[in-house]
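You will see subunit A twice below: alongside subunit B first, and alongside subunit C after that.
Take a look at the complex of A and B:
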């Protein structure tokens, strides 16, 4: 009897959290799945039932496939850019002997205190025709007329990198900070150059952090909606924009549900692969 | 039995030892879950629509400020009824919120166009106004009322409140008045302005202008493929499809774009700020009217009282001057201010015969197909 009670105790203790996850995550996703099999009527109201029309459309229409592939491509470029740009500051903070390391970390998370939309829109004032960069280039005589820099795929990626870079830096920093400094010293004492030490000791040991940051950046970039809306041109929509349009503009909640589930399955699959190869626990380390 | 009474009886039983602490808390928790899901006392707290307050949702920005200053605050002072003032980014987004809400949660909405009125009615969200409680309705332009009455069997679920146009706005520094007059809507498919053209990302407006660019009647399109081709031509020349009035103003003011369709009130605001922006109503240009819609399940008397207050000439004129759109008041019955008479789209005759509106039935019957197709065309298909 006592043994049974002991076995049940973890579940009892976990029940509030499990209940919250169940009500706030599992049940809504279940509803979304159910919705995906309904149909939209001519008035915009839903027709309950079990219909495969939405799934057939989503899975067979090249329009959705192309936008999905474009979304994954943009997310991959963003992730790679974040990795390249984020490693250097993370390495600097981790190896810095300054007393102000905490301040540097604080500066890293400072952008999170400002609204994501405001941060995204700030690029309009920087890259716009009458923005700061164009004014500077014209004033210095490098160009004679302002050039069009906004509203294309490059600015979408720029906005995403701006948004996601701190996630990458934090993950890489945690990974680098956990490396025993004696390992690098040992490598050098055995004759390795600084570059060899970095390539064969530091970089491999920091890969889990890089992978964790990469996963976060990729998943967040692939699910983004605001950045292409604000900084993209007519053709720069991402998959989440299609979900928004289906649900909000077209009032087609069943189709929007099917699109949401497709994105969920693909991103969930990527997370599952990551978990299999690296372990999801790596991400938790960067949050404390 | 009333819910509060139920709770008091349960509390009495607990205090007298008839139920233990665990049972008492369990019953409270269960009732909270049931009422939370089904809608009960907790949902009631979430609703803004109690007899002493009503909820109003509008477009935000200068429009909301005008409403708040000239209508809501004086109304609250006069009646003691609080107006909970919410905003939305777009009519579609707001409709999605309303559909996901419970009866009475949303009350009055500043909706755009007959198209939305019809959509709300089709989805069973319309109410029926008691016009006896809104005597100021008699000052409203009859043509604006009639289109609504046609949809709701002669009754009204909303009062018309203002109107405007979506016409061609252009920067005179780069495009002359003569060029716009000569080309009309086709100026927005002129390759000479590639990369400097904007447009509203609204499928109805895109199709309307696509029809004008192919010399068709937007309310009776015979060659829809030609319209899609015109939209594709426009898309390939466009720098950005804007999604809000603020974005429209920013793109024009910053000279990112030189020509776009624009909302008359927003363009007037830009002109007032000193920007040399021209505004031209092409033949067949698009007019629209906005209304204050009362959503089903709202406290009708309180809403009707607010509507009547909002239609008081001094209130409606003050709001109109604040938001730069002419009021729905009939200039043949109400003396309007000089500022209102100078607003773009203002019709001194009060008949609005010079404006073209969406034919709600026609556009609603094509909405499902066209909105989906537009999403593809915009993305390069």
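Take a look at the complex of A and C:
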């Protein structure tokens, strides 16, 4: 095999995947950008050109701004809750001396495989008017009538946390598991308490995993629109719901495009900052 | 109470949080009552039998299975080829390409969905099963790539070099040396792609042609009315499928890895 053939080989191997990504992702995203500057006339036809109307509407209308802010707030609370709920179990599994480590981890990652829509709707069985919790509270006499606990922002966050927690656990576990146990032993032999050891040694070394888990939770939470439809009330729409509404319901492609780009820029910015601080490679580690 | 027992208690509570709603779905799917809620009236398989006779659901299952299988095969083939290039060769722009290939994980799925749909519209093509398939391939490719890449890094290059020095061509070397060693990851990648595709709803809601439903979109449509025991039964079937299939797959992958050494 000649030198040129050898140099071309990686490109031959890459061409199907690159072709797919190029044609189905890069070019289409470019079209979304172009479309966001088009107009939709009163008749529903699209007017090509360079118009800033959609952008003006999206950036100045308080309706969009409020939903964007509440989406970011929901994503932030979800991420924080996942970190608080996920760190301790990951720490427990990583540092326990049981032989069943893999099994314990597998069990906690297992819900990741369970259908998202099923897991989301499963909360209706728990929190609904005739759900498990209401039945329990009525039966024990704590409340006399079932109360409506569903269809608010808190249940949207609950559903998202339940969906995203495995991502956090897995990423934190991977970084905790990679820490040399001798470091903690060394810290203790130098007189540090176990709390001090955790604060000064273990926690800082696990930050990349926490950051990777946090990024995934935030990006996935901020891009969701099914959870608010299933567990939220009419006022709990998130940003992606606006995109769906604009494109599928109103067939307003230019507006939907502008909204998509807003979401892409904000979440892309967060990914870029993360990449700068931690490196994208960290996310790949949990697949090893 | 010592710190460690607190940690253990906390961990147990989190497991409980994760499994309680799922357990309730399974429990309620055996409920005799025609309402998908408590109190339970008795146990029966009634709702599983109803599922079997529900044409819409059976059709959705067929579509999801076909879509998942095709997605798994296509994205695994693309993933293996790309992983070989990224792990075994050095070339300019490698980091950029590797980031580009995992971009679909980092881009919000809604944006991905809009982009692909818009492109199709620009080409004046209607929504179709093929669009749904292409969307799923793009979305699952990064996961397959990451899984295959991680395994490929661990396979020593020396094996391939030995085969090459004994006169095997690159393609022969791949099929007789590399691929057998890579099989566990190929398998894991396929299962991964299948489950992600089978479970996807976000992109599918945008891409599916009118009248075509996958299992998740069918469940979503059924939820519009109210939660019924039939949905819980369907949920139970889905849980068995998406949990039992990967676990069986992982078992096979581990068994293959152990056998190959």
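As a working rule, the second predicted complex is superposed on the first by the 266 of 288 C-alpha atoms of A that agree within 3 Å, B and C clash if a C-alpha of one lies under 4 Å from a C-alpha of the other, contacts with A are read in each partner's own complex, and residues count from 1 in each chain.
Operating definition for what follows: a contact is a pair of C-beta atoms (placed from the backbone, for glycine too) under 8 Å apart; a residue touches a chain by one contact, two chains touch by 3 or more.
Just so you know, these numbers come straight off a predicted model, no measurement behind them.
Visitor: Evaluate whether subunit B and subunit C can sit on subunit A together after superposition, giving fit or clash.
Guide: The answer is clash.
Visitor: Have a look at where A:60 lands relative to subunit B and subunit C in the superposition and call it first, second, both or neither.
Guide: After superposing on A, A:60 lies clear of both subunit B and subunit C.
Visitor: Have a look at where A:222 lands relative to subunit B and subunit C in the superposition and call it first, second, both or neither.
Guide: second
Visitor: More residues of subunit A are touched by which partner: subunit B or subunit C?
Guide: C
Visitor: Given the touch rule stated above, what does A:110 touch, subunit B (first), subunit C (second), both, or neither?
Guide: second
Visitor: Identify the partner contact of A:182: answer first if only subunit B is touched, second if only subunit C is, both if each is, neither if none is.
Guide: neither
Visitor: Pick one for A:248: touches subunit B only (first), subunit C only (second), both, or neither.
Guide: both
Visitor: For A:140, decide between first (touching subunit B), second (touching subunit C), both and neither.
Guide: Touch partners of A:140: none, neither subunit B nor subunit C.
Visitor: So in the superposed three-chain picture, is A:20 touching just subunit B, just subunit C, both, or none of them (first/second/both/neither)?
Guide: A:20: touches subunit C, not subunit B.
Visitor: Between subunit B and subunit C, whom does A:124 touch in the aligned arrangement: first, second, both, or neither?
Guide: both
Visitor: Would you find which stretch of subunit C runs into subunit B in the superposed arrangement, from 6-14, 168-176, 222-230 or 240-248?
Guide: 222-230
Visitor: Do subunit B and subunit C touch any of the same residues on subunit A, and if so, which?
Guide: Subunit A residues touching both partners: 124, 128, 130-131, 229, 247-248.
Visitor: For subunit C, which residues count as touching subunit A in their complex?
Guide: For subunit C paired with subunit A, touching residues are 3, 7-8, 10-11, 14-15, 17-22, 24-25, 28, 35-39, 77-79, 81-82, 84-86, 88-89, 91, 97, 99-112, 114-119, 121-122, 134-135, 137-138, 141, 143, 145-147, 149-150, 170, 195, 198-199, 201-202, 205-206, 215-216, 219-220, 223, 227, 231-232, 234-235, 238-239, 242-243, 246.
Visitor: Would you mind writing out the residues of subunit A in touch with subunit B in their complex?
Guide: The contact residues of subunit A facing subunit B are 40, 42-45, 63, 67, 124, 128-131, 148, 150-151, 229, 233-235, 237, 242, 245, 247-252.
Visitor: In the complex, go through subunit B and note every residue touching subunit A.
Guide: 90, 92-93, 95-96, 99, 119, 122-124, 195, 203, 235, 238-241, 243, 250, 254-256, 365, 368, 371-372, 375-376, 378-381
Visitor: Give every residue of subunit A touching subunit C within the complex, in rising order.
Guide: Where subunit A meets subunit C, its residues are 1, 7, 9-11, 13-14, 16-18, 20-21, 24-29, 31-32, 35, 85-86, 88-89, 91-93, 107-108, 110-111, 113-119, 121-126, 128, 130-132, 135, 162, 165-166, 194-195, 219, 222-226, 229-230, 240, 243-244, 247-248, 253, 256-257, 260-261, 263-264, 267-268, 271, 280, 283-284, 287-288.
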